[in-house]
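Here you go, one structure.
So that you can tell them apart, the chains are marked A, B, C, D, E and F in the order they are listed, and the count of residues begins at 1 in each.
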Amino acid sequence: MVRLIDENGLRIDGRRPDQLRPIKMEAGVLEKSDGSAYIEVGGTRIYAAVFGPREVHPKHLELPDRAVLNCRYHMASFSVDERKPLGMTRREIELSKVLREALETVVFLEEFPRMMIDVFVEVVQADGGTRTAGITAASLALADAGIPMADMVAATAVGKVDGVIVLDINEAEDKYGQADMPVAMAPRLGSIVLLQLNGMMTTEEIEKGLDMAGNAIKHIQQLQIEALRRRYHIEAGGEEV
Amino acid sequence: MVRLIDENGLRIDGRRPDQLRPIKMEAGVLEKSDGSAYIEVGGTRIYAAVFGPREVHPKHLELPDRAVLNCRYHMASFSVDERKPLGMTRREIELSKVLREALETVVFLEEFPRMMIDVFVEVVQADGGTRTAGITAASLALADAGIPMADMVAATAVGKVDGVIVLDINEAEDKYGQADMPVAMAPRLGSIVLLQLNGMMTTEEIEKGLDMAGNAIKHIQQLQIEALRRRYHIEAGGEEV
Amino acid sequence: MVRLIDENGLRIDGRRPDQLRPIKMEAGVLEKSDGSAYIEVGGTRIYAAVFGPREVHPKHLELPDRAVLNCRYHMASFSVDERKPLGMTRREIELSKVLREALETVVFLEEFPRMMIDVFVEVVQADGGTRTAGITAASLALADAGIPMADMVAATAVGKVDGVIVLDINEAEDKYGQADMPVAMAPRLGSIVLLQLNGMMTTEEIEKGLDMAGNAIKHIQQLQIEALRRRYHIEAGGEEV
Amino acid sequence: MSYTAIGERGYAAKITRNRIYELLREGRRIDGREPLEYRRITVKTGVVEKADGSAIVSLGSTKILTGVKVEVGSPYPDRPNEGVFTVNAELLPLASKSFEAGPPDERAVELSRVVDRCLRESHAIDLESLAIVKGEKVYMIYIDCYVLDYDGNYFDTSVLSAVAALMSGSLPKYRVADGKVEKVEGERIPIPLKTIPVSVTIGLIKDMLLVDPIPIEENVVDTSIIAGYTSDSVVAALQKNTPGFMPVDLLKKALEIGKLKSQELRGKLLESLGHALEKQ
Amino acid sequence: MSYTAIGERGYAAKITRNRIYELLREGRRIDGREPLEYRRITVKTGVVEKADGSAIVSLGSTKILTGVKVEVGSPYPDRPNEGVFTVNAELLPLASKSFEAGPPDERAVELSRVVDRCLRESHAIDLESLAIVKGEKVYMIYIDCYVLDYDGNYFDTSVLSAVAALMSGSLPKYRVADGKVEKVEGERIPIPLKTIPVSVTIGLIKDMLLVDPIPIEENVVDTSIIAGYTSDSVVAALQKNTPGFMPVDLLKKALEIGKLKSQELRGKLLESLGHALEKQ
Amino acid sequence: MSYTAIGERGYAAKITRNRIYELLREGRRIDGREPLEYRRITVKTGVVEKADGSAIVSLGSTKILTGVKVEVGSPYPDRPNEGVFTVNAELLPLASKSFEAGPPDERAVELSRVVDRCLRESHAIDLESLAIVKGEKVYMIYIDCYVLDYDGNYFDTSVLSAVAALMSGSLPKYRVADGKVEKVEGERIPIPLKTIPVSVTIGLIKDMLLVDPIPIEENVVDTSIIAGYTSDSVVAALQKNTPGFMPVDLLKKALEIGKLKSQELRGKLLESLGHALEKQ
């Protein structure tokens, strides 16, 4: 039995229950896509890239009244402890759907009828919270690509470990803890766009977790905005801030 | 350690280093394709067939300014010592590409815009040099189908065994030797259209090998021409030559 | 060695050689398809559903002069003793073809050019005779969907066990017996539309089997007609007969 | 690759959406139900004797068949003393015009994983009591759900169907003799369950919530949430599905509704199962 | 999912059908044959030395290569004392415009299974004599048929080709020494066959029967039947293929014709094999 | 089935081709480089701690991530005393408009096989020292290359990336105790390399050669050759790719150029690796 909260109420990596891991973000890291981003949340490392709006391929997926948004969440074989087999696992297929639905919520698809926007999320290293870090990066990449959105989505996971509701759970907390609840929000609209739960929480605990997540997500959106600002200054002024 | 060159400088099958194995070729061996050929090089046995120029299927592969050339290199399950699993291996996928690119080089694709030419290479028995015998047969089948080409491609492999550069390596030499370099040329143009190397050779050895291959390929083209001539006489005069 | 016919000439489930197992049939059991049926023959249990005539998808399968008829025969993983792996087995692919060809024989496809009719057969439990019960159900579902047919196909299997020609063989008789001959007929036309044989029978035995099957199939068609009549009365009068 | 679904929302849908919303405000549904009313549940168990457990559960016209098959196998190396279970779900093409033949698409994969989540995270199946020889031989339970007729809400119906199949099913008994595992013919033991998970699907249109949506509603809801509850009304699984905003306060309301509806559904399931098991 | 084949029957086909039917009534075929006449059979064996048996059999221009490969493996648990064989058939795209590259389609699957049926149900291969160590090690025979040139009737040609490959092939010999199975180098034994199955394909147009159809005939027959016969003229396999009605009385007639033609074909095969084996 | 690539060469390409050729004759490139000049190489190692070795190598804007994962497994029966390695390469769709999601296409397969060839035929990895227990347990090294950003020349970049990942990586240590293989926690040993293979991609337009092509050049070259060299400047792998004639004399010239450029690239790689490993 792994003990996840010590006598001082601190977590195995020394964090307080409501503390995020260190986050690093950068926009515009890949040249050949129309928008891109890189994110690190603790040991989790993810690239995201966006292509479009562009012509729909294959053609029969085209929609007359709005753009099609496609999304692929994919992990590198070496991103996890046990080498992941090549090809898409069922988990990756599900998360691709969940991420797509969350992003479709905020992107103004009606502005681009008969077009397609592709979002690719590539997990280079997984240390917990890959779907939430992934959607944060994807949203930043969409902004970098200049795709109009109702809000920039940001995300984190809350969890329950040793009976305590904690923010931004890491891999060990995910594995040995009692619950993992990834949440993505459109923070300015105060609305959830992605929500899942694996594990047991009472409705009260979920409410507490959502509040915790809500605050953190506002902070993460600030980091996104800063990343965009850095990217903008570099491009505008030609020098790093 | 297998000894591949004996004290007289002869190879395990008794050949001199610059000697080809016996080659048999025949054009027009299959009735239902538009052109076909059969080749034996030592124990290697291959059928090739050509269909087209015909309408492109699937339609979206069509090119406005020239024909599409498709190629499939495939081995029968029993063609090798250990039964090959059904379906295309990665090796077969690569060789299909390499063969296609070599044939595209010589076929006048611009003459058949919006059309398709299919080339199928079926290895019935593999005893070394299947891709080179395969392209030789494919080229003969193209000629049999009346497809216009800049030159009729012929091919062989040179290799290095026991430190000696040898022509047309067989399976044992491929397996236990130091290098295998398949070469296909358009002999009248003196140009290479396919080249690969597995194994270690100095640039000098490669040059020597290319010269050796060049001479052999001229000879092999003669055999192709003779095969076409036999085929022509049979069809014209109704009797075998 | 299993003994399949006892000293009284009765079979392991107590039937006489020319006796069918209990059969239950119901039309219109699924709401969302255009026609449907459920059948039980002994322990064999099958659903069938029909969609169409509707637009062809994918488009390129469309035929200018008649409808396309598609058929899928599929078994639930738990329908057999050893759990069947997910996905279509070669057996299921073959039976889909055989069933399609049998149904195409009787459906007036020419009446629906550029349209498509889909027939789905789902084996929920397999206890021998799934393809024959399946086609009986499929035909009933086609009738329920109002698709015009030359005749309503019905089917059963005859077999040879312990040297005796028997009707409607069950799973044990199939496994330990000498032959299994599934037969589907258009009974009013006296014509065979599906016929297969696994196992050894003389031509005389086959003739005898066909006669036995022919009589049984007429009876099974009566059951189909009764099922349709029940379905009709329910819908018309709003009450069960 | 997940693609925006064709026709998920069209122009005509907007008119329907308004109509459904107006009805909801009046406390009604397009099929006559109240907003928080489930359709009729029917349960038939023991429908496939070759399975070790089976059930057809209907929610209105939606009909889902689950079969349970038990094998003996090796445990996972990191869980040597636990049995193993696997959930698979298929959207059979005979169930709906919107389902296609072929390998499971992302909807089927999501359904499998949500059913799995409801069972696994609630610890419904007592995996530790499924070890036959610790570290070596364990029960492996395959739970396969097939959608036979699709009139909306495959999530809740599948969970009910899977639970009904497990509760009415049983395991062959094994004995260990001389280090060998052998089946005790004719004896069977119940599948050990620690809780009865039930999921509740709640749709949202503007500020109104509804449960157990039918396809016409699924097509126009702003978004929806599937919540899985244990017998103690603890939430064990959540899945927001369908693109759209879910305001936090409405989510909280939805979870409270879900708690009540899950108790109601579980009650009906147990009642039906009682009847069904008596009949069986 | 099995789809109605494109172009299986068109308008032009009706004219051809009438023409073929009129000829049949005069006892003739479009290629000059009589209705119940097979095309010329040629047999070449030993064409692939790396195989444990191989043959190219031609029926007219239809040419099918079969290779047999032998491995040692474990028996099926329910048949511990029997060897194992597997048949696969591929419609190579070089053989016909109507074949496509890619995984086997339903025609190839049907062909594999019909060839398998002819061999298996006739008990042609003596599986019991293929056990090396009972319950542990048995011969596993892989029989792979490749259609090289397709001018109709791949069923009968494949069966002939498979049988020719088996009859001209051989098994490596194994010895059991100290509980280990080891190959006896240089020694080979024949593949044990108990009967020589041969299939006959019979097409039907209205009230006329024909054998060994070519593609132009395959496209217009009302239906057809493939019948596999043992050396004793017992029917071991049947497969109606092609949509269409098969009246019972014509089927009976077809089976009698098949009996005679199978004897004729078997005779020709054995004769050719004799020649081929002499040459080899 | 390999298909002629759509848009591989269009009309517009001919104008570009002439422009690039004219520039080459003046000793220039479209991006300002000289014909035989590589773009800037940057190397970052240790980018994925969960991998047993990892590196991102950039050649200009082309960026390729390689991760090495080590397992213990059984050797191949015909090489009982050697470890095993496998190379896989994926053209991730986020790297370029021209890459698609889905199973590896023929370009990705070719890339995998060319990287494999450079490593294997140069005997770069000392497979014999990868046996843990001869004939029974060996190291299995999985080398997976992912193209993250594609601006031309994925061959050379992948080889550099794979080599950087191997050189900066390490193997877990195993001890054999009482016939059992157990991991020595905390101890790691370098991956044994015998040479440092480097590939050079050379394009040809008419009579002019260029190295390290960018996509606009890849689209118009007559043909190109990838040559892999050992540390001793022996050629260990060749792959002509792109349809087109390669005159023998130009090939010979290309191989000499390749020899020099490979030395230069290897030097830069080692220098960068030195920096990178210091940082790590």
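By definition in this document, contacts are C-beta pairs under 8 Å (C-beta built on N, C-alpha and C of every residue); 3 or more make two chains touch, one makes a residue touch a chain.
Treat the numbers as computed from the prediction; the structure is a model and nothing was measured.
Steps from chain B to chain E, taking the shortest chain of touch contacts, total 1.
When you average the Cα atoms of each chain and compare centres, the chain farthest from chain D turns out to be B.
Relative to the C-alpha centre of chain C, the farthest chain centre belongs to F.
Once the centre of each chain is set as its mean CA position, chain A and chain D turn out to be 27 Å apart. With centres taken as mean Cα positions, chain F sits 48 Å from chain E.
Distance between chain A and chain B, defined via averaged C-alpha coordinates, is recorded as 51 Å. Within chain A, residues 72 each touch two or more of the remaining chains. In chain E, the positions touching at least two other chains are 1, 101. Residues 30-33, 36, 43, 45, 47-49, 51, 54, 72, 74, 76-81, 83, 86-87, 118, 120, 122, 124-127 of chain A are the ones that touch chain F when the two sit in their complex. The residues of chain D lying in touch with chain A in their complex are 1-4, 6, 10-11, 106-107, 109-110, 112-113, 117, 121-122, 223, 225, 230, 233-248, 251-252, 255-256, 259. Residues 47-51, 54, 61, 63, 65, 67-69, 71, 88, 90, 92-97, 101, 103, 142, 144, 146, 148-151 of chain E touch chain B in their complex. Within the complex, the chain C residues that touch chain E are 61, 63, 65, 67-72, 90-91, 93-94, 96-102, 104-105, 109, 179, 181, 186, 189-203, 206-207, 210, 214.
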